[in-house]
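A, B, C, D, E, F, G, H, I, J, K and L label the chains in the order they appear, each numbered from 1.
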Amino acid sequence: MKKILVIHGPNLNLLGKREPGVYGKTTLPQINSVLKALAAKLKVKLTIKQSNVEGEIVDFIQGAENKFDGILINPAAYTHTSVAIRDAIAVLDIKVVEVHLSNIYSREEFRHKSLISPVASGTILGFGAKSYTLGLAALLDLISAK
Amino acid sequence: MKKILVIHGPNLNLLGKREPGVYGKTTLPQINSVLKALAAKLKVKLTIKQSNVEGEIVDFIQGAENKFDGILINPAAYTHTSVAIRDAIAVLDIKVVEVHLSNIYSREEFRHKSLISPVASGTILGFGAKSYTLGLAALLDLISAK
Amino acid sequence: MKKILVIHGPNLNLLGKREPGVYGKTTLPQINSVLKALAAKLKVKLTIKQSNVEGEIVDFIQGAENKFDGILINPAAYTHTSVAIRDAIAVLDIKVVEVHLSNIYSREEFRHKSLISPVASGTILGFGAKSYTLGLAALLDLISAK
Amino acid sequence: MKKILVIHGPNLNLLGKREPGVYGKTTLPQINSVLKALAAKLKVKLTIKQSNVEGEIVDFIQGAENKFDGILINPAAYTHTSVAIRDAIAVLDIKVVEVHLSNIYSREEFRHKSLISPVASGTILGFGAKSYTLGLAALLDLISAK
Amino acid sequence: MKKILVIHGPNLNLLGKREPGVYGKTTLPQINSVLKALAAKLKVKLTIKQSNVEGEIVDFIQGAENKFDGILINPAAYTHTSVAIRDAIAVLDIKVVEVHLSNIYSREEFRHKSLISPVASGTILGFGAKSYTLGLAALLDLISAK
Amino acid sequence: MKKILVIHGPNLNLLGKREPGVYGKTTLPQINSVLKALAAKLKVKLTIKQSNVEGEIVDFIQGAENKFDGILINPAAYTHTSVAIRDAIAVLDIKVVEVHLSNIYSREEFRHKSLISPVASGTILGFGAKSYTLGLAALLDLISAK
Amino acid sequence: MKKILVIHGPNLNLLGKREPGVYGKTTLPQINSVLKALAAKLKVKLTIKQSNVEGEIVDFIQGAENKFDGILINPAAYTHTSVAIRDAIAVLDIKVVEVHLSNIYSREEFRHKSLISPVASGTILGFGAKSYTLGLAALLDLISAK
Amino acid sequence: MKKILVIHGPNLNLLGKREPGVYGKTTLPQINSVLKALAAKLKVKLTIKQSNVEGEIVDFIQGAENKFDGILINPAAYTHTSVAIRDAIAVLDIKVVEVHLSNIYSREEFRHKSLISPVASGTILGFGAKSYTLGLAALLDLISAK
Amino acid sequence: MKKILVIHGPNLNLLGKREPGVYGKTTLPQINSVLKALAAKLKVKLTIKQSNVEGEIVDFIQGAENKFDGILINPAAYTHTSVAIRDAIAVLDIKVVEVHLSNIYSREEFRHKSLISPVASGTILGFGAKSYTLGLAALLDLISAK
Amino acid sequence: MKKILVIHGPNLNLLGKREPGVYGKTTLPQINSVLKALAAKLKVKLTIKQSNVEGEIVDFIQGAENKFDGILINPAAYTHTSVAIRDAIAVLDIKVVEVHLSNIYSREEFRHKSLISPVASGTILGFGAKSYTLGLAALLDLISAK
Amino acid sequence: MKKILVIHGPNLNLLGKREPGVYGKTTLPQINSVLKALAAKLKVKLTIKQSNVEGEIVDFIQGAENKFDGILINPAAYTHTSVAIRDAIAVLDIKVVEVHLSNIYSREEFRHKSLISPVASGTILGFGAKSYTLGLAALLDLISAK
Amino acid sequence: MKKILVIHGPNLNLLGKREPGVYGKTTLPQINSVLKALAAKLKVKLTIKQSNVEGEIVDFIQGAENKFDGILINPAAYTHTSVAIRDAIAVLDIKVVEVHLSNIYSREEFRHKSLISPVASGTILGFGAKSYTLGLAALLDLISAK
């Protein structure tokens, strides 16, 4: 049974509340439920973490090495500023898929640059909460294909 | 039965041959077969077009308005240079999903800017030929959700 | 009797539908009717063409040399990206007036640069469909003044 | 009877003398005569002002609010540097048309940016003295269309 | 009785010692005393926190939602680098006032850009320790005005 | 009794009318009344001037040297373009506080740079008409502290 | 007998007429004659094409793969804007030599960047019509050396 | 007898007081005395003006055309921002020499660009008050050499 | 006996594993052993810390003030993004030496800027694990020289 | 008999050894032999010089004026940094052809700008050692055509 | 008797010949004669050197320290590229005046930046050969004033 | 016995005198003595050269290939401008260590870019004269480790 680590970046715990025009009304618990349901159906084991602290997310990623088969990450605000998260992903041997709820390329200028995309296996963005389920499916495909 | 238009941009007819290190070895006919199989399974009707001419792609998009329920497009080289394709998509009422085989954000600087992303409903990139099937699934989700 | 070539660039065939907040509700046939009425009144002969293909617009311009007394062009999306259209205009001996429906300088950053303005005899922008009739009048003035 | 305020920016009082290769040989009094003749024909009342002082032009614009139906302005050198004139126009309820004698986009780099265009109803440039009469006609069209 | 959360960003615990030429000689406990005295006089309840960790400051802000009527924040070094703090503030319903001891716009180039200002209700900078008391007064004004 | 010079920059005489969404509905006379009331309470003497002319504002500032104890200035549009006002402030021995009604850092790009901030004693921005009263209080604090 | 494809980009059909100060007075048929004479002498077979359409040039290049031993291309205006032509060349196994009549690096700023040079085997520029014969000779050298 | 117009730009009336570390201790009247003494010796007639208003300086320059043989100007703060003064000088037939007290290229970044230098006959900078006398001598040389 | 604090930044705990082509095969424990051996030989006391959290590194630095004679720091990813670590170092009275395993100036563009170098006493980079021992020796020299 | 000066810039004396992946394995003496053989065949007299010193290359160029009919130069590293060599070429009356072994436009960013190209008669790059023989032939063509 | 070192930079030995439209027809020997005549009149001893080699000019400057009272330098092309000449001047105790024949700020973009101006005592530019005599006079003034 | 070449770049012969606030008071002979003493202790043979001429430094480096085991270089001003020195180092097979007395990243903007660092084995900067001895030790370590 495959094991997947899901990492939600800063402020995603507020989903559903935060600028619904941009992010939709789905809350993080709702996204997690949908992900778990899909995981059950696909027979994979999910571990889900959220943190507002850049270094904790680095810790999550480092700790995944021999315990998980892949990481599904929405780095949120740290997408644009964190070289540390990028370096942590670059050193991993397991697959990492990056997801974003909104289309970061149609928002403020400073959100147009992703430090994470160049080291992720693939990126899915702009589908709202659906980005996560698409991402999970894509990640499993990548793992099987290895 | 939903109708989907798939548009392959310039040089994609050479897939499998073109820089396999970057794009993989799958050919365009193979991608189309996989897409058709998935379409059959999902009970949608696919129309597939490829062109090297920017203006023809604009024509394809304009012509899709009342004939298709959604567009799956890999604008390839025109991703970075075509305001005309962007404008054609912006005026459409149907959903458009953008896909890329490679991670355009880890290649040459001039490929880091997508003129298409800000007007697409969502973007999927970096999963190789898999980007297309993920994109087709995502597009159908968007259409059902409307 | 003077002969004028009117060239509508990409996506202008969708006018009236496309982002009416930006471009107004007038359709391209309506604009053409108004232009023809004005032409009849001013006793000039109009030929009107539209294309979504950059190279076809270059062909139209090249073909105008000995057949027309002036060109009225709305290069639309190619305003910002086409060195080829610029070069075709630069080599012409006849007058060229550039028009835009919207004020391109109050839209997205990438629309602020016109490759065509430096080689046009004059530019009229921001008056909606009226830009065309102002442009036709201005073009005829330029031709008479030669 | 409509009332229009014409504002000539800095150094335009020297027209006809100043770099005739760029601006033509027509003098400001000649332009004013032609404008007055056209105004008489169109049955509008013109008030014409010129100033070299940025703040005086702001004063002219502010004073126009309830006294005029529209403004025809050639901001000349202040086109590229005056946020104050831009702000004065932005707050007006009446229509403002911006004109330039020369094609500012084919001159020095620092003349390529217009702070005024984004707040003007429309812009006409590059037709020499003719830009003014085209502008007056366009302005009256805009006023009637309101 | 209104409740206000005061957040001091990284290195502010060293105030009075850190480059006194730039920040003055007042220590953080002294600033806190003055703030508390003012709070007592204005009959508001202050809670004061300091952290060097970006994510903890995000936690403080998220936790303030239903517990406080406003936030007074000096984001210090994170002013210029933290999209995460910006996002946390953007989602809040309560008022946030940003203060700085020094004039960040007359220091090093990388301190000239504030990611926080665009999402704060107002900003006060350059008055030394006084910026805090001015900020507290301004924040209470904003809260009363709501 | 302290004497304070209040300087309102270009277009501020139109306050209350000008883009109320951005600047609020308070008029300049209303702001002046509130300032005078506060001044009366604080026992300071106010002199209030407004000009649309950059050079006149330079004159006001130069003339303040031995006649006033401080200047409260909202340079408005000249904030972003006037090296002359900056130089006039830099040479003064008395304190200068800069205020802005709106948050200039969340508006157009060209309003993000203040030439005045680096030479002002402090800056207050984004509190609407309240910025002035906060500024007057801050200025008096600075004067007393000298 | 070696087979070479010569591709002339947009507006080159107007050579001899177009800005003779920049491009010389030689016409395209004259250049083609000289090329054919040289080809006859060198015993190679030339096929010569010209197009104003970016996508057609992509088609020419793609079609050359198994039919020609090398390509001699003057991409003209598309040199500076076409990622599609670049991608088509990058995937070819045969040699490609890029030529320009004028010295593109001493003309307008936007002509200083060649998207084609990094994927061409070599580049020859600034020798007028002579660039073509030098280019043909160089291309044959490259082919023999393979 | 030659007639020379000397124009002092904004804030120069404060010389001797303003940042003596940068500009020296000489006052403007002292500079004027030295200039007059030199003028007397060289048998030229000086007219000296100072203004803080950009447009007035434009007026001075325009008025000089047939009344003076040359202009000696220190545009001060307007050096870096005034297209209007640049245009006024460009249209003059008489010689203009630009002087600066300080070395503007070793001060703040925004003072490194002179809009005036490209239209002046020559520029002298960095010699303190001496720049004026050197400039007057140089201007007279230029006038004699005509 | 001198006391030195060694701080390893984010992801350095993975050394030896992480991109060995860039960082070499030495692990962090091995580096620490070598450092301790050298420390023993030089008779200094080492305290070694590692953290992935920016704010914890700020805490380490703040806590060093009266307890250590110098800091040897490899800020890793935070080198390029942390104003907070820079500010913490700037306020210290003790010497700080910055080391990097790889030559950051020959890697990705975003690693070419060090926010730390300007506040460090000296920097050593590119010698692999050897950078640390060179750095420790250099730090002790600086401390003795005080 | 025509006389040609060949100038090899800095480090070209190391050819064949220096990064053979970039420059090929041919040595400078081998290139010189081939050039001499070609010269003998074409009946021109070659003088060949190499220097690592920018100013010596300026001397070579200045000295060529009345002694040579043309210069064939590979400015190597000075291509990108030497205004002095550019100025020396600009003043020459004889023809200058610039050659490069590698395609400088597909190497590091700082090699993309040639200060020499705008003043050379033509440029040949990317053909390895062959660039020299193509350049010599092209130079002789230019000389004959004069 | 004061001793002055005059340094002419690269290519100035060609004066009179080199682009006379830009630099005038005066030759370097003529300039030197005029300088010597002025020196004789002012009773100073001139030593005049010219070099095309950056490092030799550094040697000249270093050697001037105790042998000359001032340096008059036209760094020509090295003005824009030589940090080494800048550093040599910065360390000198004697006065240095920089002169240019042409107005470097109205020529190519890359000539707009002077690395020398910030370390020179003063700069004179645009007066042709006259710049030298003005410079010599200015230098002597500076020396006397010391 | 290992042989090391020490190269001092331009103006370093003036050390001790040149801006002692930046570079310290140690002279170059003193640095050389310390280096020689260390070399004697470490039993290596030093050869020491200094030049102000870029091309001579290129010569030194080229000449080191088979005669020395390593190079210790302080390129001084040429650090920021010399592609030629960079190319000479890139082709060497022996180890090169770059040293700087001052912290170049905390000085003027144009000193922040090192063209040499990317091709050096390692870089040591900011330790004053100590940078050399640290550099010599580091170089010997590198040589032994080979």
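The rule is short, and it goes like this: contacts are C-beta pairs under 8 Å (C-beta built on N, C-alpha and C of every residue); 3 or more make two chains touch, one makes a residue touch a chain.
Nothing here was measured: the structure is a model prediction, and the numbers come from that model.
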Shortest walk length in steps over touching chains, subunit B through to subunit E: 2
Candidate from F-H, A-I or A-B with the same interface as C-D, over half of contact pairs in common: A-B
Centre-of-Cα separation between subunit E and subunit A, whole angstrom: 31
Whole-Å gap between the CA centroids of subunit C and subunit H: 47
Touching two or more other chains - residues of subunit B: 53-56, 81
Chains touching one another, given as label pairs in label order: A-B, A-E, A-I, B-C, B-G, C-D, C-G, D-F, D-H, E-F, E-I, F-H, G-J, H-K, I-L, J-K, J-L, K-L
Parts of subunit H lying in touch with subunit K, wherever the complex brings them together: 103, 105-106, 114, 117-127, 130-131, 134, 137-138, 141-142, 145
Contacting residues of subunit C [partner subunit G, same complex]: 53-56, 58-59, 62, 81-84, 86-88, 90-91, 115
Of all residues in subunit A, those that touch subunit E in their complex: 9-11, 13-14, 17-19, 51-56, 76-78, 80-81, 110-111
